[in-house]
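Quick heads-up: structures coming right below.
Here come two complexes built around chain A, the first alongside chain B, the second alongside chain C.
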Partner chain A sequence: MSTAEDGRRPKRIALYVVLVAMAAFYLTPILTGLMTSITSPESYTGQSPYLPPLEPLLPGTGSFSLQPWTTALGELGRGLANSFILVIPATVFSGLFGSMAAFGLTNVDWRGQVGIYATLIAGIFIPYQAVLVPLTQFWYNVVPLQSLFAPLTVLPFVHEYHWKLVALIVTHTAYGIPICTLLFRAHYKKLSDEMIEAARLDGASVATIYRRIVLPLSIPMFAVVFIYQFTQIWNDLLFALTIIQFGDAAVVTQELVGIGVSQSGTNFPLRMAAALLAALPTLVVYVLFGDKFAEGVTA
Partner chain B sequence: MAELTLDSVTKVFNEGGSDEIVAVDDLSMGIEDGEFLVLVGPSGCGKSTTLRMVAGLETITGGEIRLGSNVINDTSPADRDIAMVFQSYALYPHMTVRENMSFGLEESTEMPDGEIRTKVEGTAAMMGIEELLDRKPADLSGGQQQRVALGRAIVRDPEAFLMDEPLSNLDAKLRATMRTELQRIQEDLGVTTVYVTHDQTEAMTMGDRIAVLNDGVLQQVGTPLECYHTPNNRFVAGFIGEPSMNFFRMTLADGVLSGDEFSYRLPADIESTLGDATDLTLGVRPEDIEFASETGDLDEYDYECVVDVVEPVGESNNVYLRFADAPEAPTFIIAISGMRNVSSGDRVVATIPPDAIHLFDNRTGEALKNRSLAAVDGVTPR
Partner chain C sequence: MRELIARVRDRWSDSDVRTDGGEAASTRSLLDRDSVRSAPFWLPAVLLVGLFVYGAVLWNFVLSLTDFTGIGEPDYSSLDLENYFVAFADPVDGFLSMFGLGGEVQGGTPAWSSLTVDPVWNSLGNTIVLMVVFAAACLVLGLLLAILVDREIRFENTFRTIYLLPMSLSFVVTAKFWLYMYNPQTGLINIALGVVGIGPIGIVQNPDLKLGAVAFALIWQFSGYAMIVYLAALRGIPSSHFEAARVDGASTIKMYWRVIIPQLRTATVSALVVITVFALKAFDFLFSMYGGYQPGPSADILATRMVREAYANQNWAYGSTIAVILFVMALCIVGPYIYSQYKRGDL
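Moving on to the complex of A and B:
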């Protein structure tokens, strides 16, 4: 008894030391950001990033202020709204289309499906940088989306610049379909073939089988896809810069680029507060759906 | 309710490729309206493939399948009006039992919801599962799930039932109960049924007729007792019957069959039916071999044997015997009454009566002579 326990103890201590060190490594930047974001910009010295701003108790740390957060909220407000307008439809559509594609490629038998699937998967590996110029050409010169979208501006809350968001939604949906198809296919391969055959014999068409049997059984996988796509699309800067470029339609990642930077210097507390604010929605999504994500990806 | 006809049906997988497989080879048979036909054979014999072709889940490489007078080769499974029960039950896990049973009616008919509800409840009552209607499959036992699968097929009132080894996943006792119940239900409903199994006991007890398949080729179609007493060939003779028939390889010369284990004089009337075949297999069923425990005088067809292993089944004993003159040869089985006591090592006398033997041509496997049924009595009424 004693030898087993004795042998385990040092190993256990070593394990915890490593874990704590790794956690500290990952969390330190966030800690710094948090501490900086609650410092008032005027008193910010940048000299003790890890300490909370407790002037005059701790000299050099700056005085406590929530002003950076309120300013950030004001300045990022429209960016946040635009990001939500972008992310929700893009996530839902890429998930839905990925699920339909995976169903058609996995549970239904037809000629040439392996080739189509291989092409779709190749799509995952297209580097975003390679398609930037064609994308700009597509949305600005080839497809007259701006003029097509103009009539919809009569609806309440719809502005003229929203056409750029529509373009971005379509782009993200398209580029999200391959990975969503891959994720759903792994799940659908495990569905019982006999169950699908039973549905066919019961008289259901392929579309009905999808709607009434496969879709309800995919809910766990939708959670996974939702988290993944939400994070990817929300955090994307490259496509946003390419398609929206600048102006009223800018999403939060774009606005983060320039916030707090001016002729008179860099307002670090504001930048930190803005960064944390922009990261908040993905954090909330992860907290709410995180365990389903871990389950779904390993399954 | 309709008759099902398979006309030279063939199924080839990977046609033309290097791994081409002929799963079903030129199968022809007719199933009458209301008949319970059992497709039986060892694993890989093509029985499930045949069933799936009838269902429309596999394409047909050659031949025709007709339901009634309609050729259904190219009809989609949904339009064939056929219901299938799968070995794994294939229930929809996210739906309740009621929804599982209603699904087929909702998708393949225009029946109004009220009527569907009544039908489902009626069938559930017939299957004894009314209390389970609002539960999900995951909450049911194997036997209950099987009843739901059956109920789901019954409620559709189809032209034919197809069953792919539905009892295989049940424990032995439940299997025996469900066998009887399935038969009763099929008789009550009078629906043409094709039932696939590898278990020859199920085949014998359930079928109006059985069709024995091996390697994609139909070996025999007939009533269970026809296949048992008058098998077409060696395969059917060995497959049907448990414990299975004993086979002895013999050569015929001058009216005497000689083999490694023993010699057997053939009566003249049997010899004349054989044609010129000389390389034969003698088959005799375990229960047809007579048995005496003392070694007294030996008559023409008596053989001295030593008991090797005794398997008590309860109502009978399966006794493995070795010929006293051929101790290295394999043992053969006889079935005797469970009330008779034998032990390993006993010296006994086995008699192989000539009217109980089957003879098979070794080249073709064909049965040249089957046992005579002249001695079988009917039940005389009082």
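Moving on to the complex of A and C:
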């Protein structure tokens, strides 16, 4: 071993110590929550919430129980179902519209498209607050969506309160289009002009070019966009709070706010189990497709 | 190559001279324009965004000029700027109060209320403090992490995944985790403080610590984002720049300070824009942390104030007014950014 390497060695060790310490910083709140969530509420003392509940092996840590998770599932069940009813169509529609808009504004070349595109993507940064009151007015007083929706309740699995989820799906679709368009445009700029031009000379219409050439080449981008939109819409509280407001259509983030608090104090195991349960779908997506998520957020 | 693409573009563009000519050509070519033929693709998106985003923003501005409160329909017959005068009432003392100076700030009594309505100075001040502290800390921490991760480490993917993990969580969820961390009896922060002989402190309810506690939790959630942006930028710097600085005998710190960090300007600006806009949106976090619309005056930001005025107090018009202020703030941050992107041809 050379002296140069000897000199570098303590530095490398210090580097890894810092990296591991930072990893601990990011993971501790989540792991502490996980350990607490699998403690039976009766035996929970909170003396060392970061340790696994291994009584009687580790005294004072409480005993292992999945009861907080089953209680949380009972309390959040409907909210989780509503969130899925909301998130899946809103993700698919915003992705699809975003892809189509990006194609129409990138691969077909015409004057004025940059202006439209700039206006479209500025929408990414508009705070939700700027549209809340009009949206509440729109969905409750202008569009009689509730009565329009009523005949659909004869269908199986459709309930009257689902109209609020429809309103929320449309809202999230509209608000998701700007970021989806941005993500797809970055991808479509890289597509080869020659290939599209060749198809065009063969007499292919704009629609055919999109369906046959662009769409199949966008599949990796759809994965990025869907993962990003799924996370965003699942995690949102504000639109749900102001458009659904309350009642049977409440989504999981709304239900989570008030969980685990009662007259007798805070039930931390239940609250942590509920928080993790509400986060589970996005956590699973993140763990499975972390790279695609990173690609989405940095675009 | 570039010429070829330009020629291809030309053939695609509106100015394309069609060979069919004749009388019918003018109407035909109008329908045949690429802007029209591609309309089925971009028009649905433009209509949806136009109606639900920009239409709603305009409508919100009109609402801010009304006296709309309580239940019922807004009355658009008399529009005035009264709400803005209430929002920015007592400008001198109000402005100074954002920096902890000046005298007592007086509210105003608008036509739609029999009570005194507070101006926005307090929540505006908190918003700016939160934005600056949160953005600066995220960028610094993100940059340091990116530099560490960029040093050819092992398990790079694992570290990156862990650092970005909190960003995949909902504000509502992270607020629950941090409420638990800050808890005076069983919270890890207080347990740690107890080891060094401080505490326990009720961090979340303490007016002096509240905003710091919120900022800290938000830094935890979003610094990973800054790291990812910086890491991508660092990877884009040719390794010859690193080597040239090495050969010159510059120390590592000097090399980063003099050679590398100046090249990260674009990354810093784009991360900064995104992160400040996140701070404007921190409503979800505060709502979840404080279990409702009342975070208390020392943690009240414009985002919470707006929703509280509109949805808890039903002062819809005043809520819309605060929303316009938020919108203008976002515009001031984003407008120049998008314009500079456009100028550089990056759009």
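In this text, the second predicted complex is superposed on the first by the 285 of 299 C-alpha atoms of A that agree within 3 Å, B and C clash if a C-alpha of one lies under 4 Å from a C-alpha of the other, contacts with A are read in each partner's own complex, and residues count from 1 in each chain.
To be clear about the criterion, a contact is a pair of C-beta atoms (placed from the backbone, for glycine too) under 8 Å apart; a residue touches a chain by one contact, two chains touch by 3 or more.
Just so we're clear, the structure is a prediction, and the values are computed from it rather than from any experiment.
Q: Under the stated touch criterion, name the partner, chain B or chain C, that contacts more residues in chain A.
A: C
Q: Touch test for A:194: chain B only (first), chain C only (second), both, or neither?
A: Both partners, chain B and chain C.
Q: With the two structures laid over each other on chain A, which partner does A:10 touch: chain B (first), chain C (second), both, or neither?
A: neither
Q: Looking at the overlay, does A:25 come into contact with chain B only (first), chain C only (second), both, or neither?
A: Second partner only.
Q: Taking the superposition on A as described, I'd like to know which of chain B and chain C A:130 touches: first, second, both or neither.
A: In the superposition, A:130 contacts chain C only.
Q: Let me test your reading of the model: by the given contact rule, A:177 touches which partner, first (chain B), second (chain C), both or neither?
A: In the superposition, A:177 touches chain C alone.
Q: With the two complexes superposed on chain A, say which partner A:216 touches: chain B (first), chain C (second), both, or neither.
A: A:216 contacts chain B only, not chain C.
Q: For A:202, select first, second, both or neither according to whether it touches chain B, chain C, the two together, or no partner.
A: First partner only.
Q: By the touch definition at the top of the document, which applies to A:235: first (chain B), second (chain C), both, or neither?
A: The second partner, chain C, only.
Q: Let me check the overlay on chain A: which residues of chain A are in contact with chain B and also with chain C?
A: Touching chain B and chain C on chain A: residues 194, 197, 200, 205.
Q: Under the touch definition given earlier, write down the residues of chain C that touch chain A in their complex.
A: Where chain C meets chain A, its residues are 4-5, 8-9, 11-14, 33-35, 37-46, 48-49, 51-57, 59-60, 63, 73-74, 145, 148-149, 151, 153, 159-174, 176-178, 180-181, 183, 185-188, 191, 220, 224-225, 228-229, 232, 273, 277, 280-281, 283-284, 287-288, 291-292, 302-303, 306-307, 310-311, 316, 319-320, 322-324, 326-327, 330, 333-335, 338, 342, 347.
Q: For the complex, give me every residue of chain B touching chain A.
A: Residue positions touching the partner: 55-57, 76-80, 82-84, 86-88, 90-94, 103-104, 107-109, 152, 156.
Q: Chain B touches which residues of chain A in the complex?
A: 192, 194-195, 197-205, 208, 212-213, 216-217
Q: Where on chain A is chain C touching in the complex?
A: So the residues of chain A in touch with chain C come to 15-16, 18-19, 22-23, 25-30, 32-33, 36, 45-50, 97-98, 100-101, 103-105, 108-114, 116-123, 125-135, 137-138, 141, 170-171, 173-175, 177-178, 181, 193-194, 197, 200, 205-207, 210, 231, 234-238, 241-242, 253, 256-258, 261, 266, 268, 271-272, 274-276, 278-279, 282-283, 285-287, 290, 293-294, 297-298.
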